[in-house]
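There are two complexes below, and they share subunit A, which is joined by subunit B in the first and by subunit C in the second.
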Partner chain A sequence: MVKIFLDGGPVEVVEGTTVFKAAQRAGIAIPHFCYHPAFVPEGSCRLCLVEIEGSPKLELSCSMVVREGMKVSTQSPAVREARRAVLEFILAEHPLDCPICDKAGECKLQDYYQDYGLTESVFREFKEKREKKVRIGDQLILDRERCVLCTRCVRFLAEITKTHELGLFERGIHSEIGGYENEPVRNGYSGNLVDLCPVGAITDTEFRFKTRSWFLTKGESICPLCSRGCNIFIDYHPGFPRVAGSAKVYRIRPRTNEAVNGPWICDHGRYGYVDLQRKNRCEKLIWNKGPGSTTELSWDKALIVIGEKIKALRENGKTGRISLILTTWLTNEELFLIKKIFKDGLGVRNVSFADPAPGTEDGFLLRADRTPNRRGAREMGFEVKPVDLDVLARDSDILFIFGSSLAGGSNDGAWKAALEKVSVKILVTAHLNELASAADFVLPASSVAEKSGTLTNADGRIQRIAAIARACGDIRPEVQILLDLAREIHLDDAYFGALTGPEEVHRELAKDIPFFGARP
Partner chain B sequence: METKVLTKGFELDHLFRIGVYLDQGGYRAVKKALTEWKPEQVLDEVKKANLRGRGGAGFPAGLKWSFVPQKTDKAKYLCVNADEGEPGTFKDRYIMAHDPHLLIEGIILAAYAVGIHTAYIYIRGEYELIARRLEGAIGDAYAKGYLGKNILGVGFDLDLYVHRGAGAYICGEETGLLESLEGKRGNPRLKPPFPASVGLFQSPTVINNVETLANVPFIVLNGAAWFLERGSPKDGGTRIFGVSGAVNKPGIYELPVGTSLREIIFDHAGGLKPGRTLKAVIPGGMSSPVFKADEVDVKMDCDCVAAAGSMLGSGAIIVIDDRTPILDVLSKVAKFYAHESCGQCTPCRLGTSWIHKIVKRMAAGKGRADDVDGLIRLSANIKGRTLCPLGDAAALPVLAIAKKFKAELQTALKGSA
Partner chain C sequence: MNREFTADLKKRIEEITARYPSRQAALLPVLHLVQSETGFLSAEEERAVASILGLPPIKVREVVTFYTMFTRKPLGRFHLQVCSNLSCSLADGERILRHLQAKLGIGAGETTPDGKYTLTEVECLGACEQAPCMMVNFDYHGNLDPEKVDRILEELK
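== the complex of A and B ==
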């Protein structure tokens, strides 16, 4: 361990630590543009300068390694003046288009100007004119006037994805970021450039001009679009009145977890998540009474009607003719309730899974398994096997389908024909597709952003998701739907009556199955 | 005492041919060192000679060599900085054009001293003819067994290559040079690590200026004491001063380190044209702070010039007389550094450009009363805060001109306001 003095206070850090990291550990924030913990220090922005006793010049905290007894000042007048001067240089050529800049409110340059600048401009010259709308990727727009040339984007593509789509061109004041032969940034991780950019130079077409950062609230969650379970922030409008429908999640950003995803997420998750939340949402209960006859339904009535049908089978001792098509999109708690109600309570045996087809693993974060909880389903005791349509058609009187992945495959005709033979089909889904018209009852369920629970990633890490966005219309979380159903058919009133939400369900799960015993 | 050492043979015809060079006693230093001396002896002798870098920074060459780790698994490299980009500097080209084997001999000796088996001459792109001449000389040296495998039968190998730059001042900065030599954009590297430990291709590397290496054969032949006698005690030997500007006889002058600046201008370079008076002198290439006419009684060695508030740099002396408006000088300085800043770090990229914009406006007759103070403030904000020395190289001359010639600049502004 090495002991140094930061602004007078002693701090002990491991040998080889940089002054920047030592300060961070001590809770002292040092401004920076080019430094990023995932990259080799570059030392070009010159904002992280600090004063070190005995050193004739200000030193870079991002690359300076601590020495025993080093006395560092991060706030001396010389340091503050140097930072002010750097900001003055940048602001001299920076467009003041904050009012229309998507980064406003979360822009490092704005923040640092508040901390160190707040001086009037003495720049009397003409600002450089540069391109403000360069398409550098499918979702990426580069504004060269806003760019502070920290080269984080270039280094991300060089050091992390190793795809090298962007480089530095020209020199001096004319230096600019650009692509080679105008090849777009397309590597499955392009969205990270937007998060990395400390200013509004790289913006996301999916987010551009849609909202202001200060209207957004961030919630912590887990990306459900593959079995890695990347940790994410969900940025959403907490019920902003002018926003109609369920379009409340604006963007997804990585939440650093070195054990899972580091500071990155893939584009499949980033853009897929927002789509999950926005597109083809199922918001109303539907009762398809017969060809051409569709009725809206209340939850109370739906539960009574469905409950009656289950009870009728139970009275005849034929609950074995209930079939389930599940999905590994379901949370641990939902799967546990399904197990408790259908497998243990009603003796259902015909359980299969319909999941999206696996994709290709990209060797970095994205896994081939494109659902978040296959490991959880397995640990729960489910055999995650595909649907056997013949068995389904033969052995089912009532079929519960969770999720809508059964449709959309290549065997479209086959599942339709099989479903025809089942008399009652209940679809519990967050998204509408063809499956909805083939079901008798369609129950609108929460999207991942609207419900709480846990997911088990491929490595067995149990991670929590939280209900962040408010559900619209008749949408209810699956846990509530399942508990209501259990109460409706009076399965085990003492047991299910005591469960009110995912928290209690998880507690029961943890008691029942040792794998889930450790609370995330 | 004969002053000319490096340039002594320049008047000979075809000295660049190896036959002529050998007739003049060429490669004797290599023979002596490789057959009679251990590598450490060469290093020690150069250290004792207080040979300081002729490229600009004036760093002691022997000390630089000694920073290279002796035991390493990696290949070690020698890079010869022949980029000669500092405005006003034109000395290395003479050495390489007239006496390329002297440089090659110096390279062999340095490589032998440090245990290097691969060397590169990074030469500025404009020196096309000289590059070809160097390549010819290298070919001859290979043919005669002074380069290649098992030199002089002593088991020492050295390969030497010429690499032409593409016209960027920043590639004369040692780490910018390394990047460029590796085939990358010539952006300087963050130091530490220094090239002596992590240099070319991530390996220990020595980078020396052409003139620095050209001195080494004489040190080996004549000894450190002889070399020191010819210069200052802490800064040995002679230097090739390149005098340009408002003098009667511009050109290169090889003189003992420590010769007075006044003597160089008025005795050697023929003084000023009739009727003109001295206004200012830039003593060591454009990046060195300017001296006023009354500051030229300074001994031209690294320490004395530094004590006088400037730097000996590359020894390129630019003489400015009373006919030249100082604003013109400032315009050249500002334009050059704004053009040559690599753009990597903030203060240099934006500071040099801002300064250039102000100076351009002043030159266009649209100056403002606070412009000179603005230049002083901006250059002070660049100084000492950039990633590589280019920031200081740009800031210091502006700072010096703005401070020392404030009155003249202010007068120029009044005329334009």
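== the complex of A and C ==
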């Protein structure tokens, strides 16, 4: 251990630590653009300068390694003056188009200028005109006037993805970020450049000009688009609907978890997640009474109608003719309730899974299994096997389908014929596709951003998702739908009556199955 | 798209890289060699050098655009580099540049249509004692005035 003094206070850190990291550990924030914990220190932005006693000039804290007894000042007049000067030089070429910049409100340059700048510029020259919308990737726009040349983007592509799409060309005032012969950044992780950019130089076409950062609230959750279970922030409008038709979730960003995803997420999750929340949502409870006869239904009435059908089978001792098609999109709590109600309570045996087809693993974060909870379903005791349409058509009177992945698979068309042989089909889904017209009841369920629970990633890590966006229309979380159904058919009133939400369900799950006992 | 260098050029590149602890370290001398052979460094040459040295092409582009002695377009037979830095400016180097522009009918950074002259405004050539100065290809010419420039151009026939 090495002991140093930061702004007078002693701090002990391991040998080889940089002054920047030592300060971070001591809770002292040092302004920086180019430094990023995932990269080798670059030392190009000159903003992290600190004063070290005995050193003739200011030193870069990002690359200066601690020495025993080192006395560091991060707030001395010389340091503040150096930061002020660096910011003045940057602003001499910065467009100050903050009113139309997506980064405004979460921009490091704005924050640091507030802290250290606030000077009248002595520059009287005109600013250089540069290109303001260079398309550098499928979702990426580069604004060369806003760029502060920290090269975080260049180093991400060199050190993390190793795809080298961007470089720093020319020198001096002509320096600019660009691609080789205009080849786009296309590597499955391009969206991270937007998060990495400390200013508004790289913006996301999916987010550009859609909202202001200060209207957004961030919630912590888990990306459900593959079995990695990357930790994410969901940025959403709490005040929805502020404007009719406006989106609820605006973007997702990585939430650092070194054990799962580090500080990154892939584009499949980033752009897929927002679509998941916005596109083809099922919002109305529908009863397809017969060809051309569709009515909207209240939840109370729907539960009575469906409950009566289950009770009729139960009176004849034929609950074995209830079939389930599940999905590994369901949370641990939902799967547990399904197990308790249908498998244990009603003796349902015909259980299968319909999931989106696996993709290819990319060797970094994205896994081949594009669903979030296959491991959870397995640990729960479900055999995750595909749907056997012949058995389904032969052995089912009532069919519950969770999720809409049955349609659109390779068995296109075949599922329609099979479903026609089943007299009552109940679809519980967050998204509409042609499956909805084949079902008798369509129950609108929460999307992953609208419900609470836990998901088990491929490594067995149980992680929490939180209800963040507000559901609209008739949408209800599956846990509530399942509990209401259990109460409707008076399955085990004492047991299910005591359960009110995902937290209680998880407690029961943890009691029942030791695997889930380890709290997330 | 990838350019194949001649066997002789490849051999000379290997001779250079052998002198460095890593192949990448030989980038600058190799670029100088290739430019002296091909006249300028287009994307083809960048890609070829990158593949020989085991670098991504963009790293080569970064270096080529950073150093002003590398050129990415063909130069005229005579490359006139006129200094515009402090000493030469004080000695009215601007006048030399203006004179050449008027005489050749081209601006700085341009090449005459016959491909004979390329005129470039450059930073300090390290010859302040003979300001104002310019370079013609690799030869220095100092203490210039318009008449001396005319004589130099005459000799370039």
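As a working rule, the second predicted complex is superposed on the first by the 514 of 520 C-alpha atoms of A that agree within 3 Å, B and C clash if a C-alpha of one lies under 4 Å from a C-alpha of the other, contacts with A are read in each partner's own complex, and residues count from 1 in each chain.
By definition in this document, a residue touches a chain if its C-beta (ideal position, glycine included) is under 8 Å from a C-beta of that chain, and two chains touch if they have at least 3 such contacts.
Please read all numbers here as calculations on a predicted model, not as lab measurements.
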Overlay on subunit A: subunit C relative to subunit B, clash or fit: clash
Most subunit A residues touched (candidates subunit B, subunit C): B
Touched partner set for A:121, first subunit B, second subunit C, both or neither: neither
Which superposed partner A:89 touches (first subunit B, second subunit C, both, neither): first
Partner chain(s) touched by A:295 [first = subunit B, second = subunit C, both, neither]: neither
Touching partner for A:168 - first (subunit B), second (subunit C), both, neither: both
Partner chain(s) touched by A:180 [first = subunit B, second = subunit C, both, neither]: second
Overlapping contact positions on subunit A, where the subunit C interface meets the subunit B interface: 167-168, 170-171
Complex contact set, residues of subunit C against subunit A: 43, 56-59, 61-62, 65-66
Of all residues in subunit A, those that touch subunit B in their complex: 41-47, 49, 57-58, 60, 63, 82, 85-86, 88-90, 92-93, 122-126, 128, 148-149, 167-168, 170-175
Interfacial residue positions of subunit B with respect to subunit A in the complex: 168, 170, 185, 187, 190, 192, 338-347, 349-354, 357-358, 361, 368, 370, 374, 381, 384-387
Touching residues on subunit A, where the partner in the complex is subunit C: 158, 164-171, 179-181
